[in-house]
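Consider the two complexes below, in which chain A is the common component and chain B and chain C are the respective partners.
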Partner chain A sequence: MKNEKVISQKDFRPEVNMKKRSLRFSRSSLCLPYGLFLALFVVLPLVLIVFYSFTDQNGSISFDNFIRFFSSATTLTTVIISILLALATTVICIILAYPVAYILARSNLNKGGTLLMLFIMPMWINFVLRAMAMKDLLTLIGVFGFNNYVNVVIGMVYDYLPFMVLPIYTVLIKMDKSYMEASMDLGASPLRTFTKVTFPLSMPGIASGITMVFMPTMTCYVISDTFGNGLITIVGKLIDEQFTTFQNWNLGSAMAMVLLVIMLVSMWVTGGFKSEDARGTNL
Partner chain B sequence: MKKFFQIAYIALILLFIYAPIFTLVLYSFVDSPIVSIQEVFSIGFSFELYIKLFNDAALMKIVWDTLILAVVAAVLATILGTVGAIGIFYSKGKFGKGVSAASRIPVINAEIVTAVALVLLFALVFPESRSYFSLVIGHLVITTPFVVLSVIPKLKQMDANLYEAALDLGASPFGALMKVVVPEILPGILSGFMLAVTLSLDDYIISAYTKPAGFDTISTYVYGAMAKSNANSSLPALRALSAIIFVVIILVVIGKNIYARRRTER
Partner chain C sequence: MKRFFTLFLATVMFLSCFTMFGCAESSTETGVLRVCNCEDYIDEDLLSEFTEETGIEVVYSTYGTNENLYNELVINPNSYDLVVPSEYMIEKLAEEGRLEKLDLTKVPNYTENVSDYIDGRLEELKVKSGEYKGLSLSEFMVGYMWGTMGWVYNTENVSAEEVSSWGGVFNNPELAKKITIKDAVRDSYLVGLAMVYGEELKNTDDNDVISEILNRTEQENIDAVGEKLSSLKNMLYGFEVDSGKNDIVLGFIDAYVAWSGDAAYAIDVASGEVEDEDGSFVEGRFLRDLSYSIPEEGSNIWFDGFVMPKGSENQDEAYEFLNFISRPENVYRNMNYTGYTGMVAKGEFSLDVENEDGTVETITTSIFDEVVLGWFDESEDLLEDEGVTVDLSYFFGNDNDYTVKVSEKGLGRLIAQYPTEDIVKRCAIMSNFDSKTLKSINDMWEGVKGETFPTWLLILIAVFVVILATFVILYRNKEKIKWFKLPERKTTYAERKNLKVIKVEDIK
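Moving on, here comes the complex of A and B:
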């Protein structure tokens, strides 16, 4: 709107006007193909999810799907188990990844970035194949099958650990060292400097890692299926079953809606994540 | 002492990450249906599994299909995403902001939600069956936003006057984009392309939901094989395939690392 006004004021200078207009037109209109693509294949499908979740199988408006979802003990148990598995995975990932990120960022072990490369390389290997490899190793050393929940958590930690290392490392390496020096100069012990300065300042990295580990572990049923001997169901699998086995797309859409809401809440709590941390976009 | 603990800890975590991979590579030379210690002694090492893999026409077709799909999706995603990123970067209006926000949805959304949402759409468009087209669209949805994410930082780093200077020197807007802007952001475009390839190769859920019947990617095939075989072990020929994939990825990453280091040393 604003642009049009500017152009109309300059109408008495046709040459400048022509050039400016074609310039503006060519650059921002480059949004159009991608915008159209997103509208058709990202936004419209989500609108369909909302539509299906609030209708029954005959197409009339109903809240039955949500009532069924929240009143079923089985589905609620599944949600709780998913949340607990995701929490366990996320916490273990933080505990394992933080020291790694800290050592890589602060010591001279990571000269030239080779060690960091070794830690994030698994991100680029197909996760189903990595899961298969881990399952084979657990079978080989004979610990597979003792406890299905432990199996699943091991599998999930194995797959998602690199996604926790990278964002914490990124925050630590970018952190202004003078804060730590100031803290030490003012008489704080190294431990106190860590708990009062370094750790709080690295929270954005941890939050970033949480968003990249927590949601996938709640929904990616590949690991729970292959490591849980088919006995552990997570939220993602519930949705999968409604769409493949039971063919109840309305109930499945309602479950997807619940996940969407959980995602929005977790984004709001953790403050979102820096997109550049995802899979080492900038490495 | 501190250094010793640091090295020990790093070594322990690296062992956790690489032990499964090394085990799989080792057992890719043992032609046995299960992975166990006795098998190594009773059967011994051979290239049998690799021979079986390359003679398995169905499995080889899946490998090629997966690679072709990744390249097709990545090329299209790179074009769509680069053009989109330039558009988003230069448009100051609400439309550009809307496109940018919508572009973040597939990045943060759970993959299963993205997948079933696409199923609902495709059920409206192709009521009878899904096709290769729907599979490519599915892969574009999850890869293109990452191309945009890799290109936009490069646009921000670019000197804003370059484009204007090209115009003043007589270049057409399109010529200025192709000859000035694109070369400047080329590293971002290339890393976006690589990211799109790896995301496509890595994907399971989107492929499972959008692929036509009878078509398999490595992910959907391996998952199917793991789900079917109740034995605790993978299909033997898959071990050879995974070993090859692991070694190729490790070589590519090491090569890229050495190349990057040589460039910075210069």
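Moving on, here comes the complex of A and C:
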């Protein structure tokens, strides 16, 4: 059996090589379109943002934008409120999404992914529309309007829940069941199996869920405007106002830079889970 | 290194696209006109009719706010032949030399029919700096629509007295969380100014003085307005720009600061007089009794008009379009469609009307006859001593009788479309803020909209974050730092549980 395989591989190798030569491009050149895309729509805009954030409105180099940002108590408060709102949203999303993902992954009802499909389907509808519909629905049942911060968190959780469910579900469904079986065979209770095996192994899913929920909720001002009636300001709204109302692209870019740093920090924190805790060594 | 070279090349290629843009754009075909207008601000059937009549293809696009339009014109100056900003943005664009001066003799339909009053007010607006310094705005624009700003209120819960001033509704505790103001800094700034300098405004009748007060932008004025607006925040349901007209109809709020066209829309929807798509009237849809009031202190009056960005390549087509759109019948149709008020007042046009027996008759009519008398006249329903007679000759001219009799209730709806002369005399045009003022107003507005934690709390949070960050960094590098090592587990699971360990070799 083993020998046969080796022989057959050898037989095919020359043919593959010939095909390669006749097409005359290497695997790395296939990356060129994406490289171009990156350069045009990721690198260049970033360069522009850096440029704008370190210049003033006359185009000369200055740090005024950052000084203005960090010396204004209101701006800092807005950043803190945004982070707190995003944290609350993320935590609630994890609490709600984990059981759902777990049930979806384990349940027999979800043969063929029908149940998952039903859960993910709202994502296909425009989220502004969903936000407005949700607001009307909440008003109808009388929950809406008692605290704007609570409203905004409800709105954000509603809109971003699928982004948390999906990565956790993916990790759980791909998880090798023999780990759990081994744990049970060795005498661990179901709860212990969950806390010692399943949960640590699903950490990568939670980590990617956090990156998909935490950052967007800091800037998604459509939801904070809709659900907070414009009384809640988050960083995204501040940046938007700089670019549209106040025509100060430089300050707006500086704010975007600060946000970028916060994002990198949050990636670094969650990325740590991936490398260490995902293997379940530290829990 | 090679990869970076590729990226560099790509960047250079992209940048060269920018520099070559001008050349690429210049190959515009003849008979094309690129128009950019505010969303939902024209009867779009007119565009295809224009193409049918003249053979000129109209490439029509829309923008959200004046500032977005400005950004587009700065990034890509050659993208449109005609755009429709408001007067303060026209002022800014003219000051920066981004506009073509118009030859209004090529637009007779506008110059002959425009309301003298409106033309006079536009004449007063001068460009303050730049190459066009001293010219009046009317040389750059063909007026389109105009309007005011005021309170739309639910007459059941709000008295006319309360909305006769900007601050009145905020003194009624029953209206807490039932009021919205604009999430647009210019509009809310004016409301704030009118409240802070209310006494001064009420003591004068001179439009110049009112304009001066409502255009104050010294630091102390900005601070005072900021303080005033912040103090109103606990009374507010929220800040809005387009949800207010629905919220008041649905009853979530009782008073909201509205632009006149939105006011007309809200009042119509609430009274059920909304035309359905098939042309029939849907009556009694909501039945909320709304009205519109422009407070006594004074308010904002605004004008939107067509202007031509500098370097427009289809100027002949643009003039033809301006002449077409300024025809009285087309102005009437746009008014009918948008609910806003056109600047064209004079001129007669023919209109097909359907009689009660189903026959179609062509009548010659005018904007005053159709819009004012057709929509608002209630003289047949009112007794002689009832109602108010409104004289609109300031707008329509002195050649005829331009009075209309309306009920007290109908007056609110009428002034949303055609404010009386007394009202417009108290309305000021807001100039464009220069960039220094804009920065101060930005700080003020941020403070009004956002929360501000006290400094000690911010410092506390900063210290907490630093400590947390230090801990995380140390924890991450715990293997590298000797004194941070965690005690190693010396026992195995089996040892702790006193389980007997059987080695695999033993089984064999």
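What we mean here is this: the second predicted complex is superposed on the first by the 232 of 283 C-alpha atoms of A that agree within 3 Å, B and C clash if a C-alpha of one lies under 4 Å from a C-alpha of the other, contacts with A are read in each partner's own complex, and residues count from 1 in each chain.
Note that a contact is a pair of C-beta atoms (placed from the backbone, for glycine too) under 8 Å apart; a residue touches a chain by one contact, two chains touch by 3 or more.
In this text, all values refer to a predicted model and were calculated from it rather than measured experimentally.
> Does chain B (first) or chain C (second) touch A:222, or do both, or does neither?
In the superposed model, A:222 contacts chain B only, not chain C.
> Between chain B and chain C, which one contacts more residues of chain A in the superposed model?
Counting contacted residues of chain A, the larger count belongs to B.
> Going by the contact rule set out at the top, does A:44 touch chain B (first), chain C (second), both, or neither?
both
> Of the two partner chains, chain B (first) and chain C (second), which one does A:32 touch, if any: first, second, both, or neither?
both
> First (chain B), second (chain C), both or neither: which does A:231 touch?
A:231 sits against chain C, while chain B stays out of touch.
> Could you say whether A:77 touches chain B, chain C, both of them, or neither, answering first, second, both or neither?
The answer is second: A:77 touches chain C but not chain B.
> Per the contact definition in the header, classify A:243: touching chain B only (first), chain C only (second), both, or neither.
After superposing on A, A:243 lies in contact with both chain B and chain C.
> Just chain B (first), just chain C (second), both, or neither: which does A:101 touch?
Touch partners of A:101: none, neither chain B nor chain C.
> Answer with first, second, both or neither: which of chain B and chain C does A:134 touch in the superposed model?
After superposing on A, A:134 lies in contact with chain B but is clear of chain C.
> Per the contact definition in the header, classify A:168: touching chain B only (first), chain C only (second), both, or neither.
It touches nothing on chain B or chain C.
> Do any residues of chain A touch both chain B and chain C, and if so, which are they?
Of chain A, residues 32, 35, 38-40, 43-44, 139, 145, 225-226, 230, 243, 272 contact chain B in one complex and chain C in the other.
> Within their complex, state which residues of chain C touch chain A.
Touching chain A from chain C are residues 3, 6-7, 10-11, 14, 65, 67-68, 70-71, 177, 180, 183-185, 233, 236-240, 243, 252, 435, 438-439, 441-443, 445-447, 449-455, 458, 461, 472, 476.
> Which stretch or stretches of chain A touch chain C in the complex?
Going through chain A, the ones touching chain C are 32, 35-36, 38-40, 43-44, 47, 57, 72-78, 80-81, 139, 145, 225-226, 228-231, 233, 237-238, 241-248, 269, 272.
> In their complex, what parts of chain B are in touch with chain A?
Touching chain A from chain B are residues 3, 6-7, 9-10, 13-14, 16-21, 23-24, 27, 34-37, 80-81, 83-84, 86-88, 90-93, 95-96, 98-99, 102-114, 116-121, 123-124, 137, 140-141, 144, 146, 148-150, 153, 167, 173-174, 177, 191-192, 195, 198-199, 201-202, 204-205, 209, 218-219, 222-223, 226-227, 232-234, 238-239, 242, 245-246, 249-250, 253-254, 257, 261.
> Flag every residue of chain A that touches chain B in the complex, lowest number first.
Interface residues on chain A, with respect to chain B: 3, 19, 22-23, 26-35, 37-46, 48-49, 52, 96, 99-100, 103-104, 107, 109, 112-115, 117-119, 121-137, 139-140, 144-145, 158, 161-162, 211, 215-216, 218-222, 225-226, 230, 236, 239-240, 243, 249, 252-253, 256, 259-260, 263, 267, 272-273, 275-276, 278-279, 281-283.
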